[in-house]
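Common to both upcoming complexes is chain A, partnered first by chain B, then by chain C.
Let's turn to the complex of A and B:
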């Protein structure tokens, strides 16, 4: 019972941290997914420079540990004369990371749309952008949605990294409470429970989404 | 400047590799036990294994590390930073390795088990000589991919003060004000190690395939 009252006492302090974590996750996904789609489209383009740029950004975003990417931006942007808050820096780093991973899923989704679809779009007079937007993209998105949703869960867990550059998110709030009360074990178990339960909610939503997207395939 | 940075950051390569390899091996062994438990005929053991795997996976790695490094000393269990990092990553790796083994096992057709049974092989022989070698071959690329992922995750150990690549890069960035360069060097080191691991695993995979006459 003691533990429970202790935890209930801490929750109001952790809540704003959780808000920042969710904000960080949400914004990184909001910017990261379109960026990933852009990288995927660039990789499929006929222009070699576009392919190289996409390759470079994707390989850096995927090849570096997210922590190194975070530090890289945090320590180098101010030298380049760009001073951002640590939250903004974390959003940029996580967006890059998300975009790099998402581009692979988008690429797989785009590749899975049969070539006949494109040809059919062409013969229907849907050329270039309109054919891509109306015919190819919706089918590709349905294929890439489940892995992208899984990625979203990972991004939420990755948002804990922002702690290292002093973003006031859940981990840093927990660390604060820990250093005041010295109840490190208890506060980190509580933090783990918070992360775990939100991840479980996310995962349940992913399940529902997968089921909804596959519904039309189940009937026949 | 860049050679100076490289020589000071490269000091961390040893510990990065040590933490990654130790966690992968310990986690790999615990993962074997887990996958065995998850297929046990006793329901309660099955559900404990599944629960463990799920709990480990839904908690971020950095929370695990802090829980172990800052939390456990409350029980008078003082760990060095390296021990804490290896314990933390082993726990995380065990859950992921168990999933990898599971998918490897699933890829082995039931006929193999039935054929072994028909030949009169015992369960232990069947698992040891028929199922495991085949499952390992299937799981190897996934294990290598996870190993590379773990290598990148091991950068987190710097947050509790393990002197690995990221730790030294951070020190260099603070001391020399060459933030960009320090972390570019660190990033290159990670990429080079990842590429080396990928190349070796592909070579091993190819050798194993050749041995059984595919590819």
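Let's turn to the complex of A and C:
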């Protein structure tokens, strides 16, 4: 049987799974990145309780493998009287994971902005939130973009773990097809191609974004 | 003509645009600045010279609280602050920074903003100017520092001298009463430094009150009304520029001037 025909035949069954994977990834990044920025800002705060909350969430999020976090939430939330769909549970777990790692990248980005920039902002009357938002943050984001893009890829690939708590994402669809056709290798190769090509296209787009963000630094 | 004061006993009635009395700063037991007194009239230019580690920059940076002084009083352009080792209340701090403009050794232009945005953003946020008002001010200032055609450029495309002139324009855009210069030409090669000094000279001629930490002895002598010599965290002497340069009273000043002028 022609491999390509076989793959084309499977694609309609895989497509909804890919949709769920992208949704899971997209939402985890959408909530996780701002959460990471919040953790980074809290860590830099002078208020000890904020520092501690940030520390706790970040260290748990980084300390636990995403798979363990998924299982913990999946089995503990119902006991706490919280019933969520498995997709929701996966979004919470991956958001936590993403936020924890992103906070370190934001922290590094913020720390890399020269002190002179803050001083120039202060002496220009831009203090507090406006100085942070208009002067410090844009420069920090440019520095944090490459590692955050790498993290986004890891989250996309990590979304396959949601398979274990019965989220109907790409990997679980591939498993379904495999269990019906017994063509496990073939369908997993196809799945690999799908994951790989989306990742590479995404990284190419990030290159363009990085170039745009860094345009002002090019001398000529 | 400036008022001049001794350094030890704080004079009883200082007056002027800038009045600093008994300013000091310690880190625990380490004293980096002690009992600095200075009064400047409106339109006066004072250069601060002295060896490295003398406390020149620390003194200047205490005036707008980039460094927090631990004792003394600061009055600049109607803003009054009594030092106590912590930041003053927001209103006083804003007022103090509002009446002072700062130019740094390393320019510190905002690299992600164009020259125009560097100059208009603070005006819009601090003064609440409209975009048109802010741009009109920026265009006038860019002309004044001789760079009217650089409005759309990003700082990275400009030479160090150009960046520093833009930084001066940015500080002037908020109409400060006193300009503070922290070694504005030290990061520039001597030839490029001249274009910055020329802008500062014009500014002095136009009557701006200026306090300049510098190693440019010609500038100190020719442009400033008075020279304050610092050493070891204190004021060694202060007097009319000509007199300090030609007949320094303090032995340490003589040593320092001999070292820099004999180069």
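By definition in this document, the second predicted complex is superposed on the first by the 218 of 220 C-alpha atoms of A that agree within 3 Å, B and C clash if a C-alpha of one lies under 4 Å from a C-alpha of the other, contacts with A are read in each partner's own complex, and residues count from 1 in each chain.
In this section, a residue touches a chain if its C-beta (ideal position, glycine included) is under 8 Å from a C-beta of that chain, and two chains touch if they have at least 3 such contacts.
As the structure is a prediction and not an experimental result, all values here were calculated from the model.
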Quiz item: Here chain A is shared; do chain B and chain C fit on it together or clash?
Solution: fit
Quiz item: In the superposed arrangement, does A:135 touch chain B (first), chain C (second), both or neither?
Solution: second
Exercise. Using the superposition on chain A described above, determine whether A:188 touches chain B (first), chain C (second), both, or neither.
Key: first
Quiz item: A:217 contacts which: chain B (first), chain C (second), both, neither?
Solution: second
Quiz item: If you count the residues of chain A that each partner touches, which comes out higher, chain B or chain C?
Solution: B
Practice problem: Would you sort A:122 into first (chain B), second (chain C), both or neither based on which partner it touches? | Solution: second
Practice problem: Rounded to the nearest Å, state the minimum C-alpha distance from chain B to chain C in the superposed three-chain model. | Solution: 29
Quiz item: For chain C, which residues count as touching chain A in their complex?
Solution: 64, 66, 94, 97-98, 100-102, 104, 106, 108-114, 121-122, 125-126, 154-157, 167, 170-171, 174
Quiz item: Taking the complex as given, what residues does chain A use to touch chain C?
Solution: 114, 116-117, 119-127, 130, 134-135, 138-139, 142, 215-220
Quiz prompt | chain A partner contacts - residues on chain B that touch it in the complex | solution = 55, 58-64, 66-67, 70-75, 152-156, 158-159, 166, 169-170, 173, 177, 179-180, 182-184, 186-187, 190-191, 194
Quiz prompt | Residues on chain A engaged by chain B in the complex (per definition of touch) | solution = 59-60, 63-69, 71-72, 74-76, 78-80, 157-158, 160-161, 163-164, 171, 174-175, 178, 182-186, 188-189, 191-192, 195-196, 199-200, 203
